[in-house]
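I've put the structures underneath this note.
The two complexes that follow have chain A in common; it is paired with chain B in the first and with chain C in the second.
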Partner chain A sequence: MFADFTDKIKTTEDKQLLMDEINLVLKSLYQNTDMYNNVLQSTIRAWVRAAITQDLEVTPDKEKYFKSLLTELAKLEEFDIVIPMDLSQSGLERIFYWVKDNIGAGIVLDIKIDSKLIGGAIFMYRGKYIDLSMKKKFEELFGSVYSNLQPKTAQSVPASNI
Partner chain B sequence: MVDTALFYLTSFIAASLGLILIGVIIFYLRLVKKFLLLKESEVNLRKELNEKIEARIAEADQESKKILQSAYDKSKEIISSSQLFDKQEQDKISDMLARVTNEEIRQYSSVLQKVGKVSVDELSGVVADIKKEVTPNLGKIEGMIEAEIKGASIETKRAIQSAYTIVEKELADYKKEMFAEVDKLVLGVVKELSHKILGKTLTNKEQEDLIIDALKEAKEEHIIN
Partner chain C sequence: MNKFEDYLNVTKEIGIVEKISPSVIYVRGLPGAKLFELIMFESGENGQVFSLSRDYVEILLLKKAEIKIGTKVARTNETLKIPLGSFMLGKALDALGTVVGLEKGIKFSEYRVLDSAPPGINVRKNIDKPFETGVTIVDLVTPLGRGQRQLVIGDRKTNKTQFLLQNLYTQAASGTICIYAAIAKRKLDTAMIHNFLSNEKIKNNTILVASAPDDVPGLVFLTPYTAITIAEYFRDMGRDVLVVLDDMTAHAKYYREISLLAKRFPGRSSYPGDIFYIHAKIMERGGNFLLFKDLDISTKTKISPDQVKEVSITLLPVAEMVMGDFSGYIQTNLMAMTDGHIYFDREYFNQGRRPAINPFLSVTRVGRQAQTQLLRELSRVLTSFLVSHEKLRQYMHFGAELSEETQRTLSLGDKIQSLFDQPSNVTVPLNLSVILFAALWVGYWKEKGLSDLKNDLKRFSQKYMEGGSFKKGIDDIIEGSSTFEVLLDKLRKSQMDILQTISK
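Presenting the complex of A and B:
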């Protein structure tokens, strides 16, 4: 039923914005009809309004509908991802659909930017963490070089060998 | 009558002289024989004497070589066992010792050849004297060399150790400082440089590809599934 919404929500920002909009509409619903209409018509985004209007045609209980929508949105699982640069819309969609196809629906991306990562990404999902950034790979590479270098050069010659 | 007596007397004297002559000849022949025997004996004795002299010379020569070789080996061993000298120095000293030893042997053999002409007994005495004189002296020389090398080695080792301890501490501090710098360099500047180079040269598409690759890797690692 809420496919129109979940299909359009790709990130936690999208999710939060939509939840804010729905909460605002729900709040206006408790005030009066004018306020509700006003909020629905002028405050929320057009595609949200269109989706709500379409859904409410088959679901007369508005309060139940909005609460159900909020519950459904709250269920969306967050997939934390840290990347080195901001994604274009096409890039975001590419990654989102890869995640959706490979993990499943009901997931939103919580994207954070850390330019120090250079490339790749860090992922956190269901308590699991993996750093697959180029920064980490550089650190491992240079770290291994450094650790290999250090004992050799720092090795002291015993005085008995003089 | 007188003539007859004179004849007999003359005959008697002649016969006596003849007998004396024969006796003298026999005695002479015996003396000649004895002389020849003595001469032969003398030759044999001389030969035997020469052989003995040569044998003693050879023996003395061998003995002297053994003594000098022993001294050489001992010196070499002392030098080799000393860590004060490096391989090159040891080789040089070893070579010098070998040359000195060979020269000593050559000179000693030459002296022995001259001494050997005197007599076996004298030679034996000389050999004994030389051995008596040389052996303790060589022992003293060995002892002196060993003591000197040991002393020098200990002193030098102590000095080097003392210097090394100071240098080692300074070096350790320096290394610590340098490694901190290297650490910064390795894990900072190089990464920063890599970041600048790669971060700025990677296109959006390449960045996205890297993220997708990372996602695939995460899936393979069963971090996401």
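Presenting the complex of A and C:
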């Protein structure tokens, strides 16, 4: 029923913004009728307004509708991604649709920026953690190289090898 | 790469702190977390998985830490273990087994899990060896055996700790490993105990495990487990161990706090329903055991693995009462799961008796089977006399005229009471207690008053403690007496000699 909304939100910021808008509309229901119309017309985004208007033709009970929508939005699981730099809109959409195709619907991306990763990304979902960052790769590489670069002392070289 | 990230990469699981209470942290995530697994927070602090629910992993904090909501958490895939080795002897430890002031480069023999299952019946043996406390009234009236779990119960400030330290001194001086677990004790009291245990004579056989009242509840909760785990290590090394758990009522209170904060359903007096199980599991780890693999530490040679050795962990848990109320929940629980109790009576304490042990309300369920026939008969005679003496004392309140026989009984009872009066810094060897009572019973100081008697008893004890031929003579008399009557007979015959010796 709420596919119009869940399909359009991709990140936790989108989800939070939409939930704020729905909460505003819900509150206005308990004030006078004009307030509800004012909020609907002037405060929320056009696509949200269009989706609400369309759904309310089928479900006349406004309070029940908005509360159900909020419950549905709260159920959306978060897929955490840590990346070294900000994504473009197309990049964001590519990742979102990849996640949706591979894990399923009902997910939003929680994107955090950490330049120390250098490249790659860290993924966290339902308690699972995968670090595919360049930082980790370099640390593993240098960890093995460093021990070879250590200067050899007299004790470490057997006398027979000199 | 820091340790937290190491664990993240190895376990590939992460959790986020969602709710915080003073002792328990609620974490969402960590799908593979196991019960009692060690957890590391992003800031480096550790915790232990306390409980698993559908939505959260409940973690018990082990150190004071400022944990914020949103903090990341990693599993370590390890259970909480403490390092063990002979380096612990003479040292003070916290509940995580960290030694205060430990030098670097110390070798740990092994690591052990804190919460292990008690040994089964196939490795246990009947208690058949006596446990000398060094306190006359206990050794003669409510004797203990090695491997017994004897509750020490009484109101606060009735000298229970002094009694325990007397026990500790007697046992440590004879080679038993003694572990004192100070559970949520004030730092001043712990420092006093630590000073006592630092005595040169007993230092190398004692260990102090301590937690303070302001420590996190998780740490206080683990204190008796640490003490018992250390005891099991030394038991497996072939040594007898004494463990003092002071006190289990405080332990129950801290566990109640943790359980209520973790939203467990409260039972009687708001204690959690599994409090009996928690305490019983600790108590069952004490006892008399058969060690099938033997290691003799003193000679550092391995004895044949076929040899079976008897080793014991004697437990002295302490319970605090309120106004002499025997019917308290934790107190009755502990009385049910132990092999007897020694009751410190507030009335006796107020009358000036030290130790303030009430022999009529104290019980020993397995101590008598460890006694020799001589001691069993002595104990029977003494107990029976004490009962009749107590009845006569109550009869005196009516103000009736007393016969000579009654007066003699009352006088003897007072003299025996002065024998039981023992300063808290003095321990009395068992043989000395036996001979003094037997001498009193036979009538050595029949005509003497109480103050003269006390002087003579003091001289007798000093003469005995000097060692030498007097001590040897007394010990030989006791060794050579199979029954109480034989001992009394020998004492009658050597009365003049003994009295002359002590008056020199």
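The rule we apply is simple: the second predicted complex is superposed on the first by the 146 of 162 C-alpha atoms of A that agree within 3 Å, B and C clash if a C-alpha of one lies under 4 Å from a C-alpha of the other, contacts with A are read in each partner's own complex, and residues count from 1 in each chain.
One rule holds for everything that comes next: a contact is a pair of C-beta atoms (placed from the backbone, for glycine too) under 8 Å apart; a residue touches a chain by one contact, two chains touch by 3 or more.
For clarity, every value in this text was computed on a predicted model and none was experimentally measured.
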Thinking of the overlay built on chain A, is A:130 touched by chain B (first), by chain C (second), by both, or by neither? both
Is A:139 touching anything from chain B or chain C once the two structures are fitted on A? First, second, both or neither. both
With both complexes superposed on chain A, which partner does A:118 reach: first (chain B), second (chain C), both or neither? first
For A:98, decide between first (touching chain B), second (touching chain C), both and neither. first
Let me test your reading of the model: by the given contact rule, A:87 touches which partner, first (chain B), second (chain C), both or neither? first
By residue count, which of the two partners contacts chain A more extensively, chain B or chain C? B
Once the shared chain is lined up, is A:79 touching chain B (first), chain C (second), both, or neither of them? first
Can you give me the overlap between the chain B contact set and the chain C contact set on chain A? 128-130, 139, 143
Could you please specify the touching residues of chain A with respect to chain C in the complex? 124, 126-131, 136, 139, 143
Which residues, counting only chain C, touch chain A once they are in their complex? 1, 5, 8-9, 11-15, 28-32, 74
Please give the residue numbers of chain B that touch chain A in the complex, ascending. 83, 157, 160-161, 164-165, 168, 171-172, 175, 179, 182-183, 186-187, 190-191, 194-195, 198-199, 202, 204, 206-208, 210-215, 217-219, 221, 223-225
Can you list the residues on chain A that touch chain B in the complex? 79, 81, 83-85, 87-88, 91, 94-95, 98-99, 102-103, 115-116, 118-121, 123, 125, 128-130, 132-135, 138-139, 142-143, 145-146, 149-150, 153-154, 156, 159, 162
